[in-house]
Structure formats: C-alpha cells, structure tokens
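For clarity, chains are labelled A, B and C in written order, and residue numbers in each chain start from 1.
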Amino acid sequence: MKSVFALAVITFKEGIRNRALFGIGLLALFLFGLNVTVAGFFMREIGKVTVDMNLSAISLAGLLLVFFVGVNLMAKDIDRKTIHLVLSKPISRAQYVWGKYLGILFFVTMSLMLLLIFSCMTVLLLLKIYPDYFLGFSWSIFLVACFFILVKFWVLTAIIVFFSSLTTSSLITLIFSLSSYIAGVTIEEVVFYLRSELAAQEKIISESLKNFIDVISYVLPNFSVFDFTLEAAHGLNIASQRLLVSFGYGVIYSTILLLIASFVFSRREFN
Amino acid sequence: MTKFLPIPILCFALVLYALISQSVWVQREQVRKSIPAGYIIPSKFSRILSVGHQGLLSDFLFLKTATFIGGRSNEQQLMSDSDWTYVVRSLDVVTDLDPYFLDPYMLAEGLLAWDAQMPGEANKLLSKGVKFRHWDWRLPFFIGFNNFYFLRDYDTASGFIMQASQLPGSPTYLATLGARLAYYGGKSKTALLFLKEMLAETDDALLKNRLQIRLLALERAVIIEEALDRYKLREGRTPETLDDLVVAGDLSGLPPDPYGGRWFIAKNGRIFSTSKFAFAKPQGKE
Amino acid sequence: MVIELKSVSKTYNPGLFKKKVKAVNGLSFDVRQGEVFGLIGPNGAGKSTTIRMLLGLIRPDKGAIHVHGKPLRQSPIQREVGYLPENPYLYDHLTLLELLSFCGQTSGLSAARIKARGEELMSKLNLLDAQKRPLRTFSKGMLQRAGICFALLHDPSMVILDEPMSGLDPIGRKMVFDLVMELKQQGKTVFFCSHILNDVERLCDRIGLVDQGRMIREFKRQDFLQSIGKAAFIHTSELSQGQLDRVQSLGGSIRKEAGGHLLAIPNDKYYLVNNFLEESKIEILGCRSEWRSLEDLFMLTVKEQIQ
C-alpha cells in the first residue's frame, strides 16, 4: 500500500542519515581490522577464526544499529509527537506499524549489506595471505550465515516495533527488546540444559515446571535457529530443510508480533 | 599569571604520567607471572554466557590458553599440575563451544600427551574431535599413537590406526602400520616411525622442538635396544649393566639421554631412561 | 454542519497515585461549512484535547462527535482535513521536499501534483530556498511554515490549526493571517485555536470560549462591531431611554458600559450624533478604539467562571 511504503521510505531515510551510523561503521571497520591482525595468532584454523570474527562483527554492528537507531525511529515519533502529524493523514494505525517496521527493516538491511561488503573484503584479504588455512571455507555457506543474521534482525526489529507500540518510553522499549534478545540467544542452551538436568536427576518434576519451560520456549524467540556460524566456520553443509524451517520461523514469528502490535496500536491514545 | 597556570600543570601531569605508566606496566608484568592460571567457567554456562557467539568465545579462550602456555614458556617457568589442569579444562570448554575447532585438538596432542604426560586427558579431548571432525584422519591417528606410545594399549591403538587409515587423505602406510601394531606392539622402531610422521604433521615450532628431542632420545634408545638384542642373541642372556654392551663391543659408546637421565634396562627387557623422556619438573612449584 | 460535538467528555488518568484530570467536560459545539471557527480559552481549558479527539488520536469517554452527520468513528476526517499541530516536531533528517512528498503520497496525490502544489505553497510561504535542507536546520518560524505546507498540500476542504501563530515573527504572522483569509475566501472550513485574540477577532466568523472543558460562551461576528465599517466609539454617561432611541435612529449603536453607555457611531453619521449629544448636553466620558474587545469579554467570562 502506498502509505505504508511512503512511511517506510521516510523512516529509512531518517535512519540512514543518523550520525550514529558513522560510529557504528567505524567500530565494524575496527573489528574487521582486528580480524586481519589476530588471525595470524592461530595455528591452523584461520578460516574458522576469520568467519567467527566477521560474523560476530556484523552481528554486533547490527545490534548497535537496531538498538541505538532503530528503537528511536519509532519511539521518537511518539515522544516528540511527530506521530500526531503522521496520523492526521489518512493512514491507519496498522499501516503505521507496518510502515515503521518496513522502514527500520530497509535501514538495517542496507546497513548490513554495506558491512557485508567490507567483511567480504577482509575475508578476501585473509584468503590471499593465508590460503592454506582456509581449507573448509565456502563462500556460499558464509553468505547463507550472513543472510540469516539479517533474518535474525528482521525478527528483532519486529520485537522492537512490538514493544514500541505498547509502551510510551523509548528506554522501556530498549530494555525489553534487549532482554528479549539476550533471552532469545540463550533460551536454547537453557532449555536443553534444564531438560538434561531434569532427566539426569530422575526427579519427579512437577508438571507445572515442565509446562512452564515449554511455554517459555514457545513464547520467547529462539535466535539460535538463525545461527549458522559453526557451519560457515568449518564449511559444513546445511540441509535445505533446516534453512526453510529457520526462514519460515523468522517470518511467521515477526508477522505474529506485528499483527498483535497493530491491534494494540489501534487501541492506543496519543496525548 | 593565572592564565598561564593550566599549561605548566598539564606538562607536569604528563611527565608524572610517563613515569607512573612505566611502573604500571612493569608491575603488571610481575603480577601476571605470579598469578595462577585462573578459573574456567564450565561449558554449560559458557555456552549460555556467550550469548550466541560460541565460535568467537571458543577462539578467544583458545588464544588465551595458548598465550598462557606461551607465557610460561617465555618466562622459562615450568607448568605446574594446576596449570595443566587449567589447560585441560580450558580446552574442554573450547571444544564444547566448537567441537570442530582443530587447533585445541592439536594443542592437546602436542602438549597434554607429551609435556603434561596426560595422554588419557588428551585422548578424552581427541575423541570429541573424532566424533565431530569425522573426516579428519589425524585425530584417530593421534589417539592411536597415544595408546601405543604412552598407554601401551596396543589393541586399542591398532583399532584407532585402522580407523584413521580408512579416512580420506590418510597416509598409505597406516593400514600396514595398524596391522603391524597389533603384532609387534612393543618395539621402539614402531614408535620411531610414528614419531617421524608426527613431526611431519606439525608446523608449530614449540611442538616440533619437543618432538625432535624425543625423536633423538628414541633413536638413541633404539641404538641401545638393537645392541641389546645383538648381545642377547650372542650371549643368551641380558647383560647386568649397559656398560657391558660397550665392553662387549655391541655399542661403541653410550649415547647421552637428551633429557639428562640415565639409561637402564627395564624388567620387560626394553631400554628406558630415568628421565622418563621428560625434562625434570621443579619441586614444590604450583 | 461539518463537525458537531455533543456533550463530549474526556478524563485523563495520569497514573496510579495521581488525581484524574477532567480535560473535557460536557463540551458541545458545532462548526459549519465554510466558516472560520475559533476556539479560545485559558491554558488547560481542553482545546488541544478537543482537537485530538477530532483527529481520532484519543477517544471521548462520553458524548458523540459527528462529521457530516455520521459518527466520527465510522468516517474519520483524515482525508479531507489538513492539520497543523502546536510546535510541530518534524523528522530531523528529512528535507522539506521529502516531507511534503510523504504528505502527498499518503493523501494519494500524484508525483506531479505534489511537485506543483508543493512549489506553490513553498513560494507562498517563502520556503523555496530551504526546500532541500534538512528540517533540523529550520528556525522555529520556518518549521511552523513547513507545518502549514504539510497541512495544506492536499488542498483539504477543512483545516485544523492549533496555535498557528505561535513562535512567529510579525512577518510570519501576517503570512499566516493572509493565508487563513485566503482559505476563507476559497470557502474552506477553518477551525483553529489561538491565544492571540486580536487575530481571532479579525479572522473568525464564530468564536467559542472554553474553560475547564466546557463551552462557556459562543460569540458571533456581530458581537464585534469594530470590523463593520469605520466607526467612532464614544463613552458617555448614562443616557435615558429617549436619548438612546434618538441615537439609534440617527444610525448609532449602543451598549451598556461601566458608568454609562458606549456609542458606536458610523463615521458618516458622526456629526449628526455629535450635534445631538452637544444639544442634549450629554457628558462625554472618553472614547475607545474598539466596540468591545474580545480580550475584555475573555477576561470577564473567565472571572465569572472563577466565581
């Protein structure tokens, strides 16, 4: 819809012109440089270390972008009452939510694409310096891993938009989104650890605890599903079924969040 | 007057800083020498604490461990038992975070099996590697070697060597070696062959050095063993001391043990050294 | 009738331990097609809240709002309305052109129309030079004018302005004033809030005075005769009924004023009435510049409310 797209465009422009981008870009470049320097300290698996560092740098930069720029792209609207102006146009609340989401999405995607270019340059450089130590490396798996880092941020952006539609304060949105992210990357480890502990101890666990763990694992997003760092680091093949499931999970989870956000936003009042 | 005050104060502060930062770095160097290796957070928690960056954390921890070992070596301090325990635990966590990571396995084989004399621990780590790096022939090869050389478990060794021989890229002689092991287990010549192969696989200067010393010691042990065999064949019995071999002319001279120990004939008729093929550990150093 | 409010109430709940605030309390008024309606009142009277309810940003607790006869909820006014908020906060990094482009796209205008209309408004409001600059470099007055461009880009049939003159220098205020006059001449409906009573007097057809969330009084243009041609306003001592009738027959208007009467004498009838006053030896207490200032009424009404 035209309104959604128009809002997405201005949100994107607002984000991409933010000065914070320079700082984050510099940080990423620094990390890539660090990668080139540190790689030589390792005995053999320079390819693995390069992939680890690059993917982590891209992920970290994405996090900073999303939390320092992305959050404000929606929260500032409401704080500063710019949203009054936007909603005075024939744009529905739901369209607003989707427009903002798409705008932040474009912004994150474009920024990460740029970072990816620098990352690939770093990898190419290291490939030239240490060709023998990149035995397992595969460009296609590396790029797949990068793509799914992007998908991870699509879901995180949906979380941010979701919280922005609930609360009035940008700080609360930031805290909740950050907590969700940390929960999301660790939930798998925690759940499997708990399950193994419970199984190992053979205690009679209360049904409610089991159910609680199960519910948590469904409600919180499992970001491990988008993590293909290991496969990219060692050039291990990834089954297409896994890719489809991960992608589908991301899309569906985001959509649900945005639908709820749209509904909540429609009921909301702006003073 | 007051207008110019900030500048001399600044200069003075800069001079002070230059002095104190020097002593800071000297002090830190001393502190780092004296500190014990440190605490390792168990794998389960490490995985959680890495917040999705397991790979990076594994790299970092490995680097930390390698640097620690290197530091001890640079300072010419020997690794204490608690140091080695740290290394074992650390490598365990590193391989839990990323079981495909080759470097820790190489380190385990190079140092744990040899210097730390913990072949069992090395094998434990390496078996993780065998499970995940299922295409890599070197890992079962190392386990096989450890079993043969340190643990004297020739059957197990043979099994692993055979396993290695079936993986892509393995040297062609591995199959024969495996078979030979099962039959000839106890001979030093077999060990020599193994060691030479190990040496060829290593790039690490530190490990190469150690292996070369070991190879030298073994070659000398083999020389003595062969002299012993000649003596036994001729005289029909084992000599009382090794000097008898020199006297009898089977050995031109007793080659020194590069580890500084004395050669002796063990109960099973093989040649060993009091050094146990390792440099002496300092007493009471933890 | 374009907009009709009937007994609308809105209470804010600021928090757990704070008292509820009744922002709007049984407010009723209507705005007619093509008229300029001004809403005035002390701070906190509920003017901005009313506008927000019109725009659907908040929902009234009680009462009903109708637009063209239909309930607001069923026919939101966004399509036909242009809104200028008080102190508009616009996107820092966008240029004016991009902002207007967004405005036009959401209203469904074609790119060509957006360009044409945008240039027209920007030149009228003297913003053509700044069109490619980011909005954060704009001065307060420029932001206000940019907001007006935003409000008028899609040529709405109705315009809602919240304190349109706030923060503008005299040149800016004249610009806005002329603009509203132009809108009026084009037959648009204008609804605005302002503290600047002078402008309200001159622009509005009807004025609503609100206080504490209620409509206290509505004034019509006729109540402010100063804009009806040229007249002289003389303050006299108390006149008898006969004298009052005589003055009125001569063409003057009368109303009671503290200590006597206020006469509004059209300039062309001045000498006639003056002669009468001289003949009747009626005491002249002074003269006024206007018939009745809105400010007087405002103060009076508010004082009454406090009592």
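Going forward, a residue touches a chain if its C-beta (ideal position, glycine included) is under 8 Å from a C-beta of that chain, and two chains touch if they have at least 3 such contacts.
As the structure is a computational prediction, the values presented were derived from the model and not from experiment.
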Least step count from subunit A to subunit C, where 1 means the two chains touch: 1
Per Cα centroids, the chain farthest from subunit B: C
Per-chain CA centroid nearest to the all-protein CA mean: A
Centre distance in Å when subunit A and subunit C are each reduced to the mean of their C-alpha atoms: 49
Subunit B-subunit C separation of Cα centroids, rounded to whole Å: 89
Between subunit A and subunit B, centroid-to-centroid distance (C-alpha), Å: 42
Contacting residues of subunit A [partner subunit B, same complex]: 38, 41-45, 48-49, 51-53, 55-56, 59, 182, 185-186, 189-190, 193, 223-224, 227, 229-230, 233-234, 236
Complex contact set, residues of subunit A against subunit C: 2-3, 5-7, 9-10, 13-14, 17-18, 80-82, 84-85, 87-91, 269-271
Subunit B - residues contacting subunit A, complex: 44, 47-48, 51-56, 58-59, 62-63, 66, 98, 100-103, 106-107, 203-204
Residue ranges of subunit C in contact with subunit A within the complex: 12, 52, 55-59, 76, 78-79, 81-83, 85, 88-94, 98-99, 101-103, 105-108, 134, 147, 150
